[in-house]
Amino acid sequence: MPKVNSYQDISQIDRESKKDFIDRHSPFIHVADSAKAGEVLAVNVKMGNEYVHPDELDHYIQSIKLFNGESLLAEASFLPGTLGNKAGHAEVVFNIVPLKDLSLVAISYCTKHGLWQSDPQVVKVSE
Amino acid sequence: MPKVNSYQDISQIDRESKKDFIDRHSPFIHVADSAKAGEVLAVNVKMGNEYVHPDELDHYIQSIKLFNGESLLAEASFLPGTLGNKAGHAEVVFNIVPLKDLSLVAISYCTKHGLWQSDPQVVKVSE
Amino acid sequence: MPKVNSYQDISQIDRESKKDFIDRHSPFIHVADSAKAGEVLAVNVKMGNEYVHPDELDHYIQSIKLFNGESLLAEASFLPGTLGNKAGHAEVVFNIVPLKDLSLVAISYCTKHGLWQSDPQVVKVSE
Amino acid sequence: MPKVNSYQDISQIDRESKKDFIDRHSPFIHVADSAKAGEVLAVNVKMGNEYVHPDELDHYIQSIKLFNGESLLAEASFLPGTLGNKAGHAEVVFNIVPLKDLSLVAISYCTKHGLWQSDPQVVKVSE
(Lines give C-alpha, C1' and ligand atoms only; values in the text may rest on other atoms or scores of the structure.)
Protein backbone atom coordinates (compact mmCIF):
# COMPACT_ATOMS: atom_id res chain seq x y z
CA MET A 1 0.00 0.00 0.00
CA PRO A 2 1.26 3.44 -0.75
CA LYS A 3 1.81 5.04 2.64
CA VAL A 4 -1.09 7.18 3.81
CA ASN A 5 0.26 9.97 5.98
CA SER A 6 -1.86 11.05 8.93
CA TYR A 7 -2.24 14.43 10.48
CA GLN A 8 -0.21 14.96 13.63
CA ASP A 9 -0.89 17.74 16.08
CA ILE A 10 1.73 20.28 15.05
CA SER A 11 1.64 22.04 18.41
CA GLN A 12 3.53 18.98 19.68
CA ILE A 13 6.22 19.36 17.02
CA ASP A 14 9.27 21.52 17.50
CA ARG A 15 10.87 21.81 14.11
CA GLU A 16 9.31 24.61 12.08
CA SER A 17 9.90 22.88 8.71
CA LYS A 18 8.19 19.75 9.96
CA LYS A 19 5.18 21.70 11.26
CA ASP A 20 4.93 23.35 7.87
CA PHE A 21 5.28 20.06 5.96
CA ILE A 22 2.58 18.30 7.96
CA ASP A 23 0.14 21.17 8.12
CA ARG A 24 0.21 22.12 4.44
CA HIS A 25 -0.29 18.51 3.32
CA SER A 26 -3.17 17.76 5.65
CA PRO A 27 -6.80 18.11 4.64
CA PHE A 28 -8.93 19.75 7.34
CA ILE A 29 -12.65 19.17 7.42
CA HIS A 30 -14.73 22.17 8.47
CA VAL A 31 -18.31 21.14 9.17
CA ALA A 32 -21.01 21.64 11.78
CA ASP A 33 -20.98 19.19 14.70
CA SER A 34 -24.61 18.33 14.19
CA ALA A 35 -27.08 18.29 11.33
CA LYS A 36 -30.67 17.46 10.48
CA ALA A 37 -31.40 14.28 8.56
CA GLY A 38 -32.42 15.03 4.98
CA GLU A 39 -31.13 18.60 4.98
CA VAL A 40 -28.22 20.01 3.07
CA LEU A 41 -24.95 20.09 4.98
CA ALA A 42 -21.95 22.01 3.69
CA VAL A 43 -18.66 20.18 4.15
CA ASN A 44 -15.60 22.32 3.55
CA VAL A 45 -12.30 20.55 3.03
CA LYS A 46 -9.28 22.81 3.04
CA MET A 47 -5.64 21.87 2.71
CA GLY A 48 -3.52 23.33 5.49
CA ASN A 49 -4.51 25.37 8.44
CA GLU A 50 -1.60 27.68 9.06
CA TYR A 51 0.70 26.88 6.16
CA VAL A 52 0.23 27.06 2.39
CA HIS A 53 1.09 24.46 -0.24
CA PRO A 54 2.73 25.16 -3.61
CA ASP A 55 0.68 25.14 -6.81
CA GLU A 56 3.46 24.30 -9.22
CA LEU A 57 3.54 22.12 -12.31
CA ASP A 58 5.46 19.37 -10.55
CA HIS A 59 4.03 19.89 -7.10
CA TYR A 60 0.38 20.51 -6.44
CA ILE A 61 -2.66 19.06 -4.71
CA GLN A 62 -4.23 16.84 -7.34
CA SER A 63 -7.28 15.57 -5.49
CA ILE A 64 -9.38 15.69 -2.33
CA LYS A 65 -11.71 12.79 -1.58
CA LEU A 66 -14.41 12.77 1.05
CA PHE A 67 -15.31 9.47 2.73
CA ASN A 68 -18.02 8.63 5.22
CA GLY A 69 -16.62 5.60 6.98
CA GLU A 70 -15.63 3.22 4.18
CA SER A 71 -17.86 4.94 1.61
CA LEU A 72 -16.67 7.48 -0.90
CA LEU A 73 -19.08 10.41 -1.06
CA ALA A 74 -17.42 12.79 -3.50
CA GLU A 75 -14.10 13.80 -4.97
CA ALA A 76 -12.58 17.00 -6.29
CA SER A 77 -9.65 16.98 -8.66
CA PHE A 78 -7.51 19.91 -9.65
CA LEU A 79 -5.02 20.79 -12.33
CA PRO A 80 -1.88 22.78 -11.61
CA GLY A 81 -2.60 26.49 -11.82
CA THR A 82 -6.01 26.41 -10.12
CA LEU A 83 -4.42 28.54 -7.39
CA GLY A 84 -2.68 30.84 -9.87
CA ASN A 85 0.63 28.98 -9.49
CA LYS A 86 1.01 30.60 -6.08
CA ALA A 87 1.22 28.81 -2.76
CA GLY A 88 -2.22 28.62 -1.22
CA HIS A 89 -4.89 26.42 0.28
CA ALA A 90 -6.61 24.05 -2.13
CA GLU A 91 -10.19 23.96 -0.95
CA VAL A 92 -13.55 22.56 -1.93
CA VAL A 93 -17.04 22.68 -0.46
CA PHE A 94 -19.25 19.66 -1.03
CA ASN A 95 -22.92 19.87 -0.17
CA ILE A 96 -24.21 16.56 1.08
CA VAL A 97 -27.49 15.38 2.56
CA PRO A 98 -26.92 13.02 5.50
CA LEU A 99 -29.50 10.51 6.70
CA LYS A 100 -27.66 9.32 9.81
CA ASP A 101 -24.53 10.07 11.82
CA LEU A 102 -21.44 10.71 9.75
CA SER A 103 -17.82 9.88 10.34
CA LEU A 104 -16.10 11.95 7.70
CA VAL A 105 -12.50 11.53 6.59
CA ALA A 106 -10.79 13.43 3.78
CA ILE A 107 -7.86 12.04 1.81
CA SER A 108 -5.74 14.26 -0.41
CA TYR A 109 -3.04 13.51 -2.93
CA CYS A 110 0.03 15.70 -3.42
CA THR A 111 1.92 14.95 -6.63
CA LYS A 112 5.23 14.98 -4.74
CA HIS A 113 4.35 13.77 -1.25
CA GLY A 114 1.57 11.27 -1.79
CA LEU A 115 -1.55 10.50 0.21
CA TRP A 116 -2.63 12.32 3.38
CA GLN A 117 -5.67 11.78 5.53
CA SER A 118 -7.48 14.10 7.91
CA ASP A 119 -8.58 13.32 11.41
CA PRO A 120 -12.08 11.81 11.36
CA GLN A 121 -14.86 14.32 11.90
CA VAL A 122 -18.07 13.09 13.49
CA VAL A 123 -21.39 14.78 12.71
CA LYS A 124 -24.42 13.88 14.83
CA VAL A 125 -27.47 13.68 12.60
CA SER A 126 -30.92 13.90 14.15
CA GLU A 127 -34.43 13.58 12.73
CA MET B 1 -19.54 13.74 -30.24
CA PRO B 2 -22.01 13.00 -27.53
CA LYS B 3 -24.50 15.84 -27.66
CA VAL B 4 -23.78 18.61 -25.19
CA ASN B 5 -27.05 20.19 -24.15
CA SER B 6 -27.07 23.92 -23.53
CA TYR B 7 -29.05 25.93 -21.08
CA GLN B 8 -32.09 27.65 -22.57
CA ASP B 9 -33.89 30.49 -20.86
CA ILE B 10 -36.82 28.66 -19.30
CA SER B 11 -38.92 31.81 -19.01
CA GLN B 12 -39.30 31.49 -22.79
CA ILE B 13 -40.59 27.93 -22.50
CA ASP B 14 -44.22 27.08 -21.98
CA ARG B 15 -44.36 23.45 -21.08
CA GLU B 16 -43.78 22.92 -17.35
CA SER B 17 -42.10 19.52 -17.80
CA LYS B 18 -39.65 20.99 -20.27
CA LYS B 19 -38.80 23.90 -17.98
CA ASP B 20 -38.17 21.39 -15.22
CA PHE B 21 -36.05 19.11 -17.45
CA ILE B 22 -33.82 21.92 -18.66
CA ASP B 23 -33.43 23.72 -15.37
CA ARG B 24 -32.59 20.71 -13.22
CA HIS B 25 -29.96 19.47 -15.67
CA SER B 26 -28.22 22.81 -16.12
CA PRO B 27 -25.21 23.84 -14.08
CA PHE B 28 -25.40 27.45 -12.89
CA ILE B 29 -22.23 29.32 -12.01
CA HIS B 30 -22.53 31.72 -9.08
CA VAL B 31 -19.50 33.97 -8.87
CA ALA B 32 -18.62 37.64 -8.39
CA ASP B 33 -18.50 39.74 -11.58
CA SER B 34 -15.07 41.01 -10.76
CA ALA B 35 -12.05 39.83 -8.79
CA LYS B 36 -8.53 40.81 -7.84
CA ALA B 37 -5.62 39.08 -9.56
CA GLY B 38 -3.87 36.67 -7.21
CA GLU B 39 -6.66 36.55 -4.65
CA VAL B 40 -8.94 33.66 -3.84
CA LEU B 41 -12.23 33.63 -5.73
CA ALA B 42 -15.05 31.28 -4.72
CA VAL B 43 -16.86 29.74 -7.70
CA ASN B 44 -20.08 27.99 -6.80
CA VAL B 45 -21.56 25.63 -9.35
CA LYS B 46 -25.05 24.44 -8.56
CA MET B 47 -27.28 22.15 -10.60
CA GLY B 48 -30.70 23.64 -11.17
CA ASN B 49 -32.06 26.96 -10.18
CA GLU B 50 -35.73 26.36 -9.54
CA TYR B 51 -36.03 22.61 -9.99
CA VAL B 52 -34.33 19.68 -8.28
CA HIS B 53 -32.71 16.61 -9.82
CA PRO B 54 -33.06 13.03 -8.59
CA ASP B 55 -30.26 11.36 -6.65
CA GLU B 56 -31.08 7.77 -7.49
CA LEU B 57 -28.89 4.80 -8.23
CA ASP B 58 -29.66 4.90 -11.94
CA HIS B 59 -30.09 8.65 -12.25
CA TYR B 60 -27.81 11.15 -10.60
CA ILE B 61 -25.38 13.94 -11.34
CA GLN B 62 -22.05 12.18 -11.65
CA SER B 63 -19.73 15.11 -12.29
CA ILE B 64 -19.36 18.85 -12.58
CA LYS B 65 -16.37 20.25 -14.44
CA LEU B 66 -15.25 23.86 -14.43
CA PHE B 67 -13.50 25.25 -17.52
CA ASN B 68 -11.90 28.63 -18.13
CA GLY B 69 -12.12 28.95 -21.90
CA GLU B 70 -10.61 25.71 -23.25
CA SER B 71 -8.79 24.93 -19.99
CA LEU B 72 -10.06 22.56 -17.35
CA LEU B 73 -9.62 24.09 -13.89
CA ALA B 74 -11.21 21.53 -11.58
CA GLU B 75 -13.75 18.74 -11.42
CA ALA B 76 -16.04 17.31 -8.78
CA SER B 77 -17.41 13.81 -9.04
CA PHE B 78 -20.18 12.32 -6.97
CA LEU B 79 -21.57 8.91 -6.16
CA PRO B 80 -25.28 8.21 -5.92
CA GLY B 81 -26.50 8.97 -2.42
CA THR B 82 -24.46 12.13 -1.85
CA LEU B 83 -27.79 13.95 -1.64
CA GLY B 84 -29.38 11.30 0.59
CA ASN B 85 -31.15 9.67 -2.38
CA LYS B 86 -33.57 12.61 -2.41
CA ALA B 87 -34.07 15.05 -5.24
CA GLY B 88 -31.86 18.09 -4.69
CA HIS B 89 -29.24 20.38 -6.11
CA ALA B 90 -25.81 18.86 -6.59
CA GLU B 91 -23.43 21.66 -5.76
CA VAL B 92 -19.75 22.34 -5.33
CA VAL B 93 -17.65 25.38 -4.47
CA PHE B 94 -14.20 25.57 -5.99
CA ASN B 95 -11.78 28.19 -4.75
CA ILE B 96 -9.57 29.41 -7.55
CA VAL B 97 -6.97 32.17 -7.86
CA PRO B 98 -7.32 34.02 -11.18
CA LEU B 99 -4.49 35.99 -12.77
CA LYS B 100 -6.50 37.50 -15.63
CA ASP B 101 -10.06 37.74 -16.92
CA LEU B 102 -12.00 34.51 -16.77
CA SER B 103 -14.60 33.05 -19.06
CA LEU B 104 -16.01 30.23 -16.96
CA VAL B 105 -18.16 27.40 -18.26
CA ALA B 106 -19.40 24.43 -16.23
CA ILE B 107 -20.23 21.06 -17.79
CA SER B 108 -22.16 18.44 -15.86
CA TYR B 109 -22.93 14.81 -16.58
CA CYS B 110 -26.25 13.17 -15.68
CA THR B 111 -26.13 9.38 -15.83
CA LYS B 112 -29.42 9.31 -17.75
CA HIS B 113 -29.44 12.53 -19.74
CA GLY B 114 -25.81 13.12 -20.61
CA LEU B 115 -23.75 16.29 -20.87
CA TRP B 116 -25.03 19.79 -20.09
CA GLN B 117 -23.21 23.08 -20.20
CA SER B 118 -23.86 26.36 -18.45
CA ASP B 119 -23.93 29.77 -20.00
CA PRO B 120 -20.43 31.29 -19.95
CA GLN B 121 -19.74 33.54 -16.98
CA VAL B 122 -17.22 36.33 -17.41
CA VAL B 123 -15.21 37.61 -14.44
CA LYS B 124 -13.19 40.81 -14.87
CA VAL B 125 -9.89 40.43 -13.05
CA SER B 126 -7.91 43.54 -12.14
CA GLU B 127 -4.47 44.07 -10.57
CA MET C 1 -18.68 25.51 -24.43
CA PRO C 2 -15.00 24.87 -24.57
CA LYS C 3 -14.25 24.03 -28.18
CA VAL C 4 -14.14 20.30 -28.87
CA ASN C 5 -11.70 19.65 -31.70
CA SER C 6 -12.54 16.89 -34.13
CA TYR C 7 -10.29 14.58 -36.01
CA GLN C 8 -9.67 15.56 -39.60
CA ASP C 9 -8.28 13.18 -42.18
CA ILE C 10 -4.63 14.21 -42.22
CA SER C 11 -4.03 12.74 -45.67
CA GLN C 12 -6.03 15.73 -46.92
CA ILE C 13 -3.77 18.20 -45.13
CA ASP C 14 -0.59 19.57 -46.65
CA ARG C 15 1.26 21.23 -43.86
CA GLU C 16 3.39 18.75 -41.90
CA SER C 17 3.08 20.63 -38.60
CA LYS C 18 -0.70 20.64 -38.91
CA LYS C 19 -0.84 16.90 -39.67
CA ASP C 20 1.30 16.32 -36.60
CA PHE C 21 -0.82 18.60 -34.39
CA ILE C 22 -4.10 16.95 -35.37
CA ASP C 23 -2.89 13.38 -35.32
CA ARG C 24 -1.13 13.48 -31.95
CA HIS C 25 -4.11 15.10 -30.24
CA SER C 26 -6.73 12.74 -31.64
CA PRO C 27 -7.90 9.66 -29.80
CA PHE C 28 -8.23 6.63 -32.07
CA ILE C 29 -10.51 3.78 -31.12
CA HIS C 30 -9.27 0.32 -32.03
CA VAL C 31 -12.02 -2.24 -31.63
CA ALA C 32 -13.56 -5.16 -33.51
CA ASP C 33 -16.35 -4.27 -35.96
CA SER C 34 -18.68 -6.78 -34.41
CA ALA C 35 -19.17 -8.43 -31.05
CA LYS C 36 -21.36 -10.91 -29.21
CA ALA C 37 -23.90 -9.58 -26.74
CA GLY C 38 -22.85 -10.32 -23.17
CA GLU C 39 -19.24 -11.10 -24.00
CA VAL C 40 -16.17 -9.10 -23.12
CA LEU C 41 -15.03 -6.66 -25.79
CA ALA C 42 -11.64 -4.96 -25.58
CA VAL C 43 -11.73 -1.31 -26.60
CA ASN C 44 -8.32 0.23 -27.12
CA VAL C 45 -8.08 4.00 -27.20
CA LYS C 46 -4.74 5.36 -28.31
CA MET C 47 -3.69 8.95 -28.78
CA GLY C 48 -2.16 9.56 -32.18
CA ASN C 49 -1.67 7.24 -35.04
CA GLU C 50 1.50 8.40 -36.70
CA TYR C 51 2.67 11.16 -34.40
CA VAL C 52 3.54 11.23 -30.71
CA HIS C 53 2.45 13.68 -28.04
CA PRO C 54 4.68 15.17 -25.32
CA ASP C 55 4.48 13.92 -21.74
CA GLU C 56 5.72 17.05 -20.02
CA LEU C 57 4.71 18.69 -16.77
CA ASP C 58 2.88 21.49 -18.53
CA HIS C 59 1.74 19.52 -21.56
CA TYR C 60 0.35 16.03 -21.35
CA ILE C 61 -2.76 14.00 -22.03
CA GLN C 62 -4.71 14.20 -18.79
CA SER C 63 -7.70 12.04 -19.61
CA ILE C 64 -9.41 9.77 -22.11
CA LYS C 65 -13.14 9.23 -21.82
CA LEU C 66 -15.13 6.58 -23.66
CA PHE C 67 -18.76 7.30 -24.54
CA ASN C 68 -21.39 5.11 -26.13
CA GLY C 69 -23.75 7.61 -27.72
CA GLU C 70 -24.54 10.09 -24.94
CA SER C 71 -23.51 7.68 -22.18
CA LEU C 72 -20.17 7.72 -20.44
CA LEU C 73 -18.81 4.18 -20.10
CA ALA C 74 -15.40 4.68 -18.54
CA GLU C 75 -12.60 7.16 -18.12
CA ALA C 76 -8.84 6.96 -17.70
CA SER C 77 -6.86 9.78 -16.18
CA PHE C 78 -3.12 10.19 -16.20
CA LEU C 79 -0.51 12.21 -14.39
CA PRO C 80 2.49 13.72 -16.15
CA GLY C 81 5.32 11.20 -16.30
CA THR C 82 3.19 8.12 -17.06
CA LEU C 83 5.04 7.96 -20.37
CA GLY C 84 8.44 8.58 -18.77
CA ASN C 85 8.34 12.26 -19.72
CA LYS C 86 9.04 11.25 -23.31
CA ALA C 87 6.80 11.88 -26.28
CA GLY C 88 4.59 8.87 -26.85
CA HIS C 89 1.09 7.56 -27.29
CA ALA C 90 -1.11 7.69 -24.21
CA GLU C 91 -3.21 4.57 -24.41
CA VAL C 92 -5.74 2.61 -22.43
CA VAL C 93 -7.68 -0.60 -22.97
CA PHE C 94 -11.14 -0.79 -21.42
CA ASN C 95 -12.93 -4.11 -21.35
CA ILE C 96 -16.64 -3.64 -21.74
CA VAL C 97 -19.59 -6.00 -22.15
CA PRO C 98 -22.05 -4.72 -24.77
CA LEU C 99 -25.68 -5.76 -24.90
CA LYS C 100 -26.57 -4.01 -28.16
CA ASP C 101 -24.97 -2.06 -30.99
CA LEU C 102 -22.44 0.50 -29.89
CA SER C 103 -21.55 3.89 -31.24
CA LEU C 104 -18.31 4.63 -29.45
CA VAL C 105 -16.66 8.03 -29.24
CA ALA C 106 -13.53 8.88 -27.27
CA ILE C 107 -12.79 12.35 -25.93
CA SER C 108 -9.36 13.29 -24.66
CA TYR C 109 -8.06 16.32 -22.83
CA CYS C 110 -4.62 17.82 -23.46
CA THR C 111 -3.53 20.26 -20.77
CA LYS C 112 -2.39 22.76 -23.41
CA HIS C 113 -4.71 22.15 -26.35
CA GLY C 114 -8.01 21.19 -24.77
CA LEU C 115 -10.66 18.68 -25.78
CA TRP C 116 -10.45 16.38 -28.81
CA GLN C 117 -12.90 13.79 -30.01
CA SER C 118 -12.43 10.71 -32.16
CA ASP C 119 -14.51 9.69 -35.12
CA PRO C 120 -17.44 7.54 -33.96
CA GLN C 121 -16.81 3.82 -34.13
CA VAL C 122 -19.76 1.55 -34.66
CA VAL C 123 -19.76 -2.01 -33.32
CA LYS C 124 -22.50 -4.40 -34.44
CA VAL C 125 -23.56 -6.55 -31.51
CA SER C 126 -25.41 -9.79 -32.16
CA GLU C 127 -27.00 -12.35 -29.86
CA MET D 1 -8.81 6.26 7.48
CA PRO D 2 -11.31 4.19 5.61
CA LYS D 3 -10.09 0.63 5.96
CA VAL D 4 -8.05 -0.57 3.00
CA ASN D 5 -8.55 -4.28 2.59
CA SER D 6 -5.59 -6.34 1.45
CA TYR D 7 -5.46 -9.42 -0.66
CA GLN D 8 -5.10 -12.65 1.29
CA ASP D 9 -4.01 -15.89 -0.30
CA ILE D 10 -7.35 -17.62 -0.79
CA SER D 11 -5.78 -21.07 -0.98
CA GLN D 12 -5.28 -20.67 2.78
CA ILE D 13 -8.95 -19.92 3.35
CA ASP D 14 -11.55 -22.63 3.90
CA ARG D 15 -14.88 -20.95 3.58
CA GLU D 16 -15.99 -20.74 -0.04
CA SER D 17 -17.94 -17.50 0.44
CA LYS D 18 -14.90 -15.83 1.97
CA LYS D 19 -12.63 -16.99 -0.87
CA ASP D 20 -15.13 -15.53 -3.30
CA PHE D 21 -15.47 -12.25 -1.38
CA ILE D 22 -11.73 -11.67 -1.19
CA ASP D 23 -10.87 -12.76 -4.70
CA ARG D 24 -13.54 -10.80 -6.53
CA HIS D 25 -12.69 -7.59 -4.67
CA SER D 26 -8.95 -7.79 -5.17
CA PRO D 27 -7.17 -6.11 -8.04
CA PHE D 28 -4.52 -8.32 -9.64
CA ILE D 29 -1.66 -6.77 -11.56
CA HIS D 30 -0.54 -8.68 -14.62
CA VAL D 31 2.75 -7.35 -15.93
CA ALA D 32 6.12 -8.59 -17.13
CA ASP D 33 8.77 -9.13 -14.41
CA SER D 34 11.27 -7.02 -16.25
CA ALA D 35 11.21 -4.15 -18.72
CA LYS D 36 13.48 -1.84 -20.67
CA ALA D 37 13.85 1.75 -19.50
CA GLY D 38 12.07 4.14 -21.84
CA GLU D 39 9.99 1.49 -23.57
CA VAL D 40 6.27 0.98 -23.36
CA LEU D 41 5.14 -1.51 -20.72
CA ALA D 42 1.56 -2.80 -20.62
CA VAL D 43 0.16 -3.09 -17.10
CA ASN D 44 -3.07 -5.02 -16.90
CA VAL D 45 -5.13 -4.65 -13.74
CA LYS D 46 -8.00 -7.08 -13.44
CA MET D 47 -10.46 -7.48 -10.60
CA GLY D 48 -10.69 -11.05 -9.38
CA ASN D 49 -8.82 -14.06 -10.48
CA GLU D 50 -11.24 -16.93 -10.06
CA TYR D 51 -14.42 -15.15 -9.01
CA VAL D 52 -16.48 -12.43 -10.67
CA HIS D 53 -17.88 -9.25 -9.16
CA PRO D 54 -21.38 -7.85 -9.74
CA ASP D 55 -21.95 -4.90 -12.06
CA GLU D 56 -25.14 -3.60 -10.51
CA LEU D 57 -26.41 -0.10 -9.93
CA ASP D 58 -25.74 -0.26 -6.21
CA HIS D 59 -22.73 -2.54 -6.35
CA TYR D 60 -19.95 -2.16 -8.86
CA ILE D 61 -16.25 -1.47 -9.18
CA GLN D 62 -16.06 2.30 -9.47
CA SER D 63 -12.33 2.81 -9.88
CA ILE D 64 -8.93 1.21 -10.23
CA LYS D 65 -5.86 3.26 -9.42
CA LEU D 66 -2.29 2.32 -10.23
CA PHE D 67 0.50 3.51 -7.92
CA ASN D 68 4.25 3.17 -8.22
CA GLY D 69 5.39 3.36 -4.61
CA GLU D 70 3.72 6.50 -3.23
CA SER D 71 3.11 7.97 -6.69
CA LEU D 72 -0.15 7.76 -8.56
CA LEU D 73 0.45 6.84 -12.20
CA ALA D 74 -3.03 6.52 -13.64
CA GLU D 75 -6.64 5.82 -12.74
CA ALA D 76 -9.60 4.25 -14.48
CA SER D 77 -13.13 4.95 -13.39
CA PHE D 78 -16.24 3.11 -14.45
CA LEU D 79 -19.97 3.62 -14.37
CA PRO D 80 -22.39 0.83 -13.56
CA GLY D 81 -23.24 -1.10 -16.70
CA THR D 82 -19.75 -1.13 -18.23
CA LEU D 83 -19.87 -4.92 -17.85
CA GLY D 84 -23.43 -5.18 -19.18
CA ASN D 85 -24.88 -5.39 -15.66
CA LYS D 86 -23.56 -8.93 -15.44
CA ALA D 87 -21.01 -10.24 -12.97
CA GLY D 88 -17.56 -10.07 -14.50
CA HIS D 89 -14.01 -8.85 -14.13
CA ALA D 90 -13.54 -5.10 -14.32
CA GLU D 91 -10.25 -4.67 -16.13
CA VAL D 92 -8.03 -2.00 -17.57
CA VAL D 93 -4.71 -1.94 -19.37
CA PHE D 94 -2.50 1.08 -18.81
CA ASN D 95 0.55 1.57 -21.00
CA ILE D 96 3.33 3.19 -19.06
CA VAL D 97 6.97 3.99 -19.80
CA PRO D 98 9.20 3.20 -16.81
CA LEU D 99 12.61 4.77 -16.27
CA LYS D 100 13.65 2.72 -13.25
CA ASP D 101 12.48 -0.22 -11.15
CA LEU D 102 8.80 -0.18 -10.34
CA SER D 103 6.90 -1.28 -7.29
CA LEU D 104 3.34 -1.28 -8.54
CA VAL D 105 0.25 -1.44 -6.35
CA ALA D 106 -3.33 -1.22 -7.54
CA ILE D 107 -6.17 0.06 -5.35
CA SER D 108 -9.79 -0.47 -6.32
CA TYR D 109 -13.02 0.88 -4.92
CA CYS D 110 -16.21 -1.17 -4.69
CA THR D 111 -19.31 0.93 -4.03
CA LYS D 112 -20.45 -1.52 -1.36
CA HIS D 113 -17.25 -2.94 0.09
CA GLY D 114 -14.78 -0.06 -0.06
CA LEU D 115 -11.09 0.06 -0.82
CA TRP D 116 -8.96 -2.97 -1.74
CA GLN D 117 -5.28 -3.14 -2.57
CA SER D 118 -3.29 -5.65 -4.56
CA ASP D 119 -0.05 -7.27 -3.55
CA PRO D 120 2.87 -5.12 -4.71
CA GLN D 121 4.33 -6.14 -8.05
CA VAL D 122 7.99 -5.42 -8.67
CA VAL D 123 9.26 -4.83 -12.20
CA LYS D 124 13.02 -4.74 -12.77
CA VAL D 125 13.84 -2.03 -15.29
CA SER D 126 17.18 -2.12 -17.11
CA GLU D 127 18.85 0.27 -19.54
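We just call them A, B, C and D in the order they show up, numbering each chain from 1.
Basically, contacts are C-beta pairs under 8 Å (C-beta built on N, C-alpha and C of every residue); 3 or more make two chains touch, one makes a residue touch a chain.
As the structure is a prediction and not an experimental result, all values here were calculated from the model.
*Asks:* Tell me which chain's centre, taken as the mean of its C-alpha atoms, is farthest from chain C.
*Replies:* A
*Asks:* What's the distance between the Cα centroids of chain B and chain C, rounded to whole Å?
*Replies:* Each chain's C-alpha centroid was found; their separation is 25 Å.
*Asks:* In whole angstrom, what separates the CA-based centres of chain A and chain C?
*Replies:* Computed from C-alpha means, the inter-chain centre distance equals 33 Å.
*Asks:* Out of chain B, which residues touch more than one other chain, so two or more?
*Replies:* Within chain B, the residues that touch at least two other chains are 62, 71-72, 77, 79, 111.
*Asks:* Is the way these chains touch best called a line, a ring, a star, complete, or other?
*Replies:* Topology of the interface graph: complete, with all chain pairs in contact.
*Asks:* Mind listing the chain B positions that touch chain C in their complex?
*Replies:* 1-4, 6, 62, 67, 69-72, 105, 107, 109, 111, 113-115, 117
*Asks:* For chain D, which residues are in contact with chain B within the complex?
*Replies:* 57-58, 62, 77, 79-80, 111
*Asks:* How about chain D: which of its residues touch chain C in the complex?
*Replies:* Per the touch definition, chain D meets chain C at residues 37-38, 40, 55, 71-79, 81-86, 88-99.
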